[in-house]
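Note that the chains are named A, B, C and D in the order they appear, and that numbering of residues resets to 1 at the start of each chain.
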Amino acid sequence: MARGQAPFPARDGAGERAVTVAPEPSELAWSRSELMAVELAAHLRDDDVAVMGTASALPQAACRLAQLTHAPGLWYIAGGTCSVNPHLAPVVPSCCDFDLLRADTAIPLADVVLLEGRGDVLTVFFAGGLQIDAYGNCNLVAVGEWSRPSLRGPGTVGLPFLSRVGRVLIYTMSHTRRTFVERVDFLSGPGFLGGPAEWASAGLSGGGPALVVTPLCTMGFDPGSLRMRLVTVHPGVDIDEVRDATGFDLLVEDPVPVTAAPTPAQLSILRDLDSDGLLKGV
Amino acid sequence: MSKLLSLSDAVERYVPDHVRMLAVGGMHLHNNPMALVREIVRQQRTIGRLLTSPCGALNADLLIGAGLVDEIATSYVGFEHLGLAPCFRRAVEAGSIRVLECDEAYITHGLYAGAGGLAFIPLPAGLEVSDIPKVNQVSYATTTDPFTGREVLVGAPLCPDVALLHAYQADERGNAVLAGAHFVDRLMALASRTVLLQVEQVVPTEEIARHPVGTTIPGFLVQAVVEVAGGCHPTASHGAYDYDEQQLGLYLSMARSAEGVGEYLERHVTGVTEEEYLEKASPRLAELRYGEGPSPVPSSGRSG
Amino acid sequence: MSKLLSLSDAVERYVPDHVRMLAVGGMHLHNNPMALVREIVRQQRTIGRLLTSPCGALNADLLIGAGLVDEIATSYVGFEHLGLAPCFRRAVEAGSIRVLECDEAYITHGLYAGAGGLAFIPLPAGLEVSDIPKVNQVSYATTTDPFTGREVLVGAPLCPDVALLHAYQADERGNAVLAGAHFVDRLMALASRTVLLQVEQVVPTEEIARHPVGTTIPGFLVQAVVEVAGGCHPTASHGAYDYDEQQLGLYLSMARSAEGVGEYLERHVTGVTEEEYLEKASPRLAELRYGEGPSPVPSSGRSG
Amino acid sequence: MARGQAPFPARDGAGERAVTVAPEPSELAWSRSELMAVELAAHLRDDDVAVMGTASALPQAACRLAQLTHAPGLWYIAGGTCSVNPHLAPVVPSCCDFDLLRADTAIPLADVVLLEGRGDVLTVFFAGGLQIDAYGNCNLVAVGEWSRPSLRGPGTVGLPFLSRVGRVLIYTMSHTRRTFVERVDFLSGPGFLGGPAEWASAGLSGGGPALVVTPLCTMGFDPGSLRMRLVTVHPGVDIDEVRDATGFDLLVEDPVPVTAAPTPAQLSILRDLDSDGLLKGV
């Protein structure tokens, strides 16, 4: 596919907003997107069935990397085409690309919607948002008042299923105070809702958000308060830089380890997959 | 018996002005029935409610940009990795369009209910916690599960009056083969009262009969077949050509303003015939053709 | 990663005794997963509730004849033009089996609800006038349509604990291709917690990958794959062989009495291994092979 | 397909019950099944979409005959395979036969169930029963008490949809007092229910039963009483023979015409279709 060097996509329309991340440090031999793919891959298990939606080059690459390293048994579904285990040569920017049908199998979109509702089959759901809050709730719909928003997002697609399906892996290319807010203006993809009390009383079948990967750091959730907490900072990133870019009080427990850099073997696999260089940009 | 019509005849005959509910097929940048959409703009048909697949793109944004849409029922309008939908965004932020905020599960299950004559469709537990149903009480409501006594979120059936769909091939009676991914296009055909089909190629029924099991839209659901090779441009047509980032980029940059989208429409839609549009697009379409591979059309079943 | 198992291991490992709800795939005299059904009889697994596709045949009658079924949820058990189902008929007339009387719409929509995590499923208006819902208040109930205030007939979701299904081919991870008609087999796979698949042939994943769009059961839904060429005999296996009227006639005549069906079971099921059964059936299977034609397996999508 | 000379199937398990029709008169060059196929075909219109279920060789042949004569635009769906316009060379006894997939198209069974519910697409539904009553109600479930029947039928499959879909064409090979009863013991396929009052108050969207074809005669329904009435008797059949074989008071308006015999052209087409001779038996 000769589509030229498309820039690596930010999630769901966030592409139009300024990414305030510093320019890629020139001494790093890998891009932040590549590091993020490695971080997401590390979280995937051999018995997972993962599903991803719109503009999902990054989770596609993460899943394929996991399959080719520690999780050969992983299943992953590219929403849109609903191809199962696309062969990804190369990674494509659209979740509906015809080339994704180079895959082990493919099923109708309606079947994937059924399985998202069934809840016990799909164990990993990749998510993101224009806004992501301290409890891992996502918003792809509207910033400001829904009825007259200051920024109208594209819409939520399948994110309401986050309440129902396995572990939620959040990723975003935009680690800013506009993205990471104390509370989303519109709840389009449920995380831990308003915190422990509301989460417990909702009695949801999903496991909730498990991981948040950004160009600056990797975050998780505090088991008690269910608020986001820093897990590792990426090489070359300062903890204060993360704090400054986060619009809520991020839990930080010293010392914060540095995210492991991608290994040469991981980078070699990623670059084989990503011959169009979608992950090279940022 | 033939349902072959010209683009203009198909829209003139089957799309009433201010059509109550118009559905557009395809998903994201793929299989958008753009020739039919452009013709709707040329004929200035206004639309009471526009329904997209779970992910609308240019098929919705162009109609909104042309000022034809009163209300949109959608779970996404955007250009995936290329950015937000400029006209949708502007119209919503300006309050000039009503939004029936939906999620993917409701659109899919709602079409199932519409196709099957179901009065409504229950939605899986957990969907009630998002804010979507709170802002859309036209599409969502609650009732009692008589088996458990619990309150359940349900959706209204989706029964479009007219659906505009793309298929790879069809015969003149409307038996159509979808190549590549099917998205929710077959469900839309099943749920819609009138189906207009644009196809890359009209083929004899014998050709369709070679692979009956993969043929996903039976002709008795189809009112008109329009042959427009290249008609999905600048979106992709699975089995034929990829999407055109150049043209989409041009649209996205021009549509940043109301004036710009007006100029785009004048230059690329209302000011040109479909033949002229496709003539101009043909060098790009040639570049975007998918490489060699097995036939995109399923082949199965019994001969004869 | 391989899910290939022997017939006996698959049933031993995945079908608990007195399984709460067991579904059998195929329809009428076609694609009945008979090798798995026979193995259930050999291992004498009792069944709390047996669910058929809209039309069960030997797949249900044999289990009933073996005395393994407490309750059956079905809209039809019979042998189509060959006659009534002798063991089903005898058991119902004698009151030795409970019947959850269903109709085709409920079975299909109920599996959809089971697959999709829907609490229940509304049924089209008009179905409430038949006597079916009156005699089955386990599966049917009424609730309020919140959009109109009307009372609506609804069905309970169908979530089988185990499904026995036949597919034409599968790879060792369970990615399966259904040849010919699909009936409701894919829906059963989607709705069932455990899926055991018997296939004519195990093929490499690369073979499955040649026609991904037509591949209708993804391996992550499948727990075990059993390769049994001829395993649908004496029913048909679409793409492979037709049904065997001789053997079905023999069954129907022997099963007219409880003693007769006991003798049939001893001679053709419990008293023989599956290998011995198929060895004996092989001359008939050779005669019943479908004639030449295009591949019964769809071929589509992208290479690689 | 070498399946040998399978006898023409009676509808849905009725095959096991004695057919009390007199032997085919030797002077007739056509079988009663062939005549019935012609009668059913005559009722089909060029713009119909017809659907049929179990053991449907007769309606299959009728539809194909109609397509090849006066109704080339007719669509018909063989339930089971859900093939659309099967090419039928030859007619097959099972509605799920692999050979039915020699067809213009085929759709999933679940789609046909949806369209039956939608109600406005399918205009003709073929039906039958162990019992058929004076109002055209059908019973495929149980004779006697449902909970402990004297004859357990196979089950109703899709017959409850009769209340919803276009015109219902009833056919049976068994014209006896056991089949044609005043009131079905179990209502599995709705006709005009208990008559005009109940039919009107039910407000059903379907048009109700339109035609009943048996080996003895063709019947319709009286527009006022909604009870079955004789339309034509088949050649060689006496009106009293029909009355005697009918377990309710059949409306008869003298004079009753004789059903037109199949033309040589119709027979020629039918026999081309039916090379396995499924329609030759009775």
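Here, a contact is a pair of C-beta atoms (placed from the backbone, for glycine too) under 8 Å apart; a residue touches a chain by one contact, two chains touch by 3 or more.
Predicted, not measured: the structure shown is a model, and the values here were computed from it.
Participant: Could you tell me which pair, B-D or A-B, is linked by more C-beta pairs in contact?
Facilitator: Ranking A-B and B-D by C-beta contacts puts A-B first.
Participant: List the centre-to-centre spacing of chain A and chain B in whole Å, with centres computed as mean CA coordinates.
Facilitator: 28
Participant: Determine the centre-to-centre distance between chain A and chain C, using the mean Cα coordinates as centres, and give it in whole Å.
Facilitator: Chain A and chain C have C-alpha centres separated by 40 Å.
Participant: Report the inter-chain centroid distance for chain B and chain C in whole angstrom, where each centroid is the mean of the CA atoms.
Facilitator: 36
Participant: Two-or-more-chain contact residues of chain C, please, as numbers and ranges.
Facilitator: In chain C, the residues touching two or more other chains are 109, 112, 116-118, 123-125, 180-182, 186, 213, 290, 296, 301-304.
Participant: By residue number and range, which residues of chain A touch two or more other chains?
Facilitator: Where chain A meets two or more other chains at a single residue, that happens at 83, 98, 101, 106, 113, 117-119, 164.
Participant: State which pairs of chains touch, listing all of them.
Facilitator: A-B, A-C, B-C, B-D, C-D
Participant: Where on chain C does chain A make contact in their complex?
Facilitator: Result: residues 1, 112, 114-118, 171, 173, 175, 186, 190-191, 193, 205, 208-209, 212-213, 215-216, 218-221, 301-304 of chain C touch chain A.
Participant: Which residues, counting only chain A, touch chain C once they are in their complex?
Facilitator: Touching chain C: residues 49, 72-73, 75, 83-84, 87, 89, 98-99, 101-107, 111, 113-115, 117-121, 164 of chain A.
Participant: Spell out the part of chain C that touches chain D in their complex, as residue ranges.
Facilitator: Touch residues, chain C against chain D: 27-30, 54-55, 74-78, 80-85, 88-89, 92-93, 95, 101-105, 108-109, 112, 123-127, 129-132, 135, 180-184, 186-187, 236, 238-239, 242-243, 245, 287, 290-291, 296.
Participant: Can you name the residues of chain A that touch chain B in the complex?
Facilitator: For this pair, the touching residues of chain A are 1-4, 6, 9-10, 12-13, 15-16, 54-55, 57, 80-83, 93-98, 100-101, 106, 108-110, 113, 116-119, 140-142, 146-161, 163-164, 186-190, 193, 202, 204-206.
Participant: Quick one: which bits of chain C touch chain B in the complex? Just the residue numbers, please.
Facilitator: 109, 112-113, 116-125, 141-148, 150, 152, 154, 156, 179-182, 210-211, 213-214, 290, 293-304
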